[in-house]
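Notes for the one structure printed next.
By written order: A, B and C. Residues from 1 in each chain.
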Amino acid sequence: MEYLVTIDEFHGPLDLLLYLIKEAKIDIDRINVSEITQQYLDYIRAMEDLNLEIASEYLVMAAYLIYIKSRMMLPKGNLDGEKIDYEENPEEHLKRRLKLYKLFKDIIPYFQEQEAERENFLTKIPSDLSDELKIETKDFLLQDVDIYDLLSAYNRVLKRFSLHKPLKTKIKPQTITIDERINELSELFRNRKRLTFMEIFTDNITKEFIVVTFMAILELTKHHYIRLRQDALFQDIFIEYIEEEMREAHG
Amino acid sequence: MDRTQLLAALEGLLYVAGDEGFTKEELANILEISSKEVEELVEAYIELCTDEVRGITVINTAGHYRMATKKEYIDLFRKVYTGNKKRLSTAALEVIAIVAYKQPITRAEIEDIRGTNSENVIRKLVAMSFIKEVGRLDTPGKPILYGTTNDFLDYFNLSSLDELPELADDVEKEVDEEKDLFDSMTKIKITE
Amino acid sequence: MDRTQLLAALEGLLYVAGDEGFTKEELANILEISSKEVEELVEAYIELCTDEVRGITVINTAGHYRMATKKEYIDLFRKVYTGNKKRLSTAALEVIAIVAYKQPITRAEIEDIRGTNSENVIRKLVAMSFIKEVGRLDTPGKPILYGTTNDFLDYFNLSSLDELPELADDVEKEVDEEKDLFDSMTKIKITE
């Protein structure tokens, strides 16, 4: 029999024992403590041979297993004297500890499923309505909160942060065509007949966006949809929308 | 407000509250209807959200109704919101499970069940606000008693602790019955 | 995606984005449709929201589409806040928590961490003297650096900032240092 494991794969001696029992494919109720003890000790010895640090709790368990084993080898009643009548036999005690521990180990997949399930539902940060509702500063007082509410608030924010962080990096600069830009500009002129050159460059300006906008302006000028005007050198350039009925005259 | 307005008001309220959500009682208070009616109203709203044209729904975690995106489009939303990929470690889940079922519980009791030192895991879970001090045991040293928090319920998509599945009950019953004995055994171990 | 799916996806996306919203270009990119189609889609969504049973709609401000509660239901929130003051403090608590743990910190950094505009909340917290200006950052615009005050310590019953509960990351860092001992372990082979 050969197995490849490391001590940090286990969360303590009970975990290691459960692993050995599972490997041996037997019920906790039916384990032969002598056999399990041997495997457990082999494991610990191999660790020692490799000069690995073993948490003392693993050694305590080893001693306990040896105690159970030796006790079983002696004629009943001799080791504990009269105590045996009312005190649980250590082998049974160990089995029960294993069963109790296994109860929680077995429920872990449920928690993992629930953890994954919750991640399917995204929620948003609460909206700030303090402006709309004109809430007074004095009403802004905190009530019944303690330092752990503060910690919880911090954790909530952290969780949200990791939710939002990639947003900016994930979005590639949008490529925009001249036609699309012409449409956008036409939309703009529907509401305002006169705009300055700077006003049509809104947020997220990229070099590409400027070039496309420039081409769109030239295109619109060419077709007499707009007129460009600059009163003096380095002054604002005005873009004026030409009303439909006026276009004929220019055309 | 009539039914239509109540549904609209509910949607408006849940939108603003976002991840904070509202309890049944809070909604009853705001909308001036009974808790029972709130329940029915939320049910009706969730029913409306089953329409394929809708991308949101309402979940109930930690006793709070929270508006949330629908599961069906999570892959698309993940393109923008990658979320918290970090899952809890097995050790952390072991401790969480023990606290969830055995609360209030001391560190010594947790370590007894796990058979291993659990100080760091407990510290981490307290720092993540999944468990917290809920009192002290009246024994020498006044050990801290731990219990789960609302953040725990929300993280595991639970509306309340009642939703936890039962542990394999035959073993637990046995364990409970013999708990006194178990306790006396561990005490002996400690004094050794 | 077909039209129905696009509408549902749009609703989910706009919900999660909340007050931040999305630009037409961002939505076009995520949904893999043209800006023109996004416009039409949003129009169609707004049309759906005109149904009286709906309490939310979409507004377009500063080039961003944002989901918002219909005006007629905003007033309900007055009741939320007068009925339960604790609720009002969520945003405040978040900002105080960030300042407490990350001070000195600028408004931009706070907003980056919270993922939302926090000017209002910061202003109110300064007025309440929970936080205050503790210096200026030596970068263009010389942004204000915020820190917590003695009133903050008093309020939370702390004698100093050292008493703040530790954060999960700090526990992890410390435990990782210990864990290095274990990580150096090689796989061992046990042969019988």
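The rule is short, and it goes like this: a contact is a pair of C-beta atoms (placed from the backbone, for glycine too) under 8 Å apart; a residue touches a chain by one contact, two chains touch by 3 or more.
Just so we're clear, the structure is a prediction, and the values are computed from it rather than from any experiment.
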{"item": "Centre-most chain, if every chain is reduced to its averaged C-alpha atoms", "value": "A"}
{"item": "Farthest chain (mean CA position) relative to chain B", "value": "C"}
{"item": "Cα-centroid distance, chain A relative to chain B, in whole angstrom", "value": "17"}
{"item": "Interchain centroid distance [CA atoms averaged], chain B/chain C, Å", "value": "22"}
{"item": "Residue numbers of chain B (touch at least two other chains)", "value": "15-16, 18, 20, 67, 69, 77, 79-81, 127-128"}
{"item": "Multi-chain contact sites of chain A, meaning residues that touch two or more partners", "value": "122-127, 129, 148, 151, 155-156, 160, 163-164, 171"}
{"item": "Touching residues on chain B, where the partner in the complex is chain C", "value": "4-5, 7-13, 15-16, 18, 20, 26, 29-31, 48, 52-56, 67, 69-70, 72-73, 76-77, 79-81, 120, 123-124, 126-128"}
{"item": "Residue ranges of chain B in contact with chain A within the complex", "value": "15-21, 57, 59, 61, 66-69, 71, 74, 77, 79-85, 87-88, 90-91, 93-94, 96-98, 101, 113-117, 127-129, 132, 149-151, 154-158, 165, 167-168, 171-172, 174-175, 178, 181-182, 185"}
{"item": "Complex interface listing, chain C residues touching chain A", "value": "12, 15-19, 23, 25-26, 28-30, 34-36, 62-63, 69, 74, 77-78, 81, 85-86, 88-94, 96-98, 100-101, 113-117, 120-121, 124, 127-128, 155-158, 163-165, 167-168, 179, 181-183, 185-192"}
{"item": "Residues on chain A engaged by chain C in the complex (per definition of touch)", "value": "1-8, 39, 42-43, 46-47, 50, 52-53, 122-133, 135, 137, 139-151, 153-158, 160-161, 163-164, 171-172, 174, 176, 180, 183-184, 202-204"}
{"item": "Touching residues on chain A, where the partner in the complex is chain B", "value": "11-15, 55, 57, 61, 87-88, 93, 96-97, 99-101, 103-108, 110-112, 114-127, 129, 148, 151-152, 155-156, 159-160, 162-167, 170-171"}
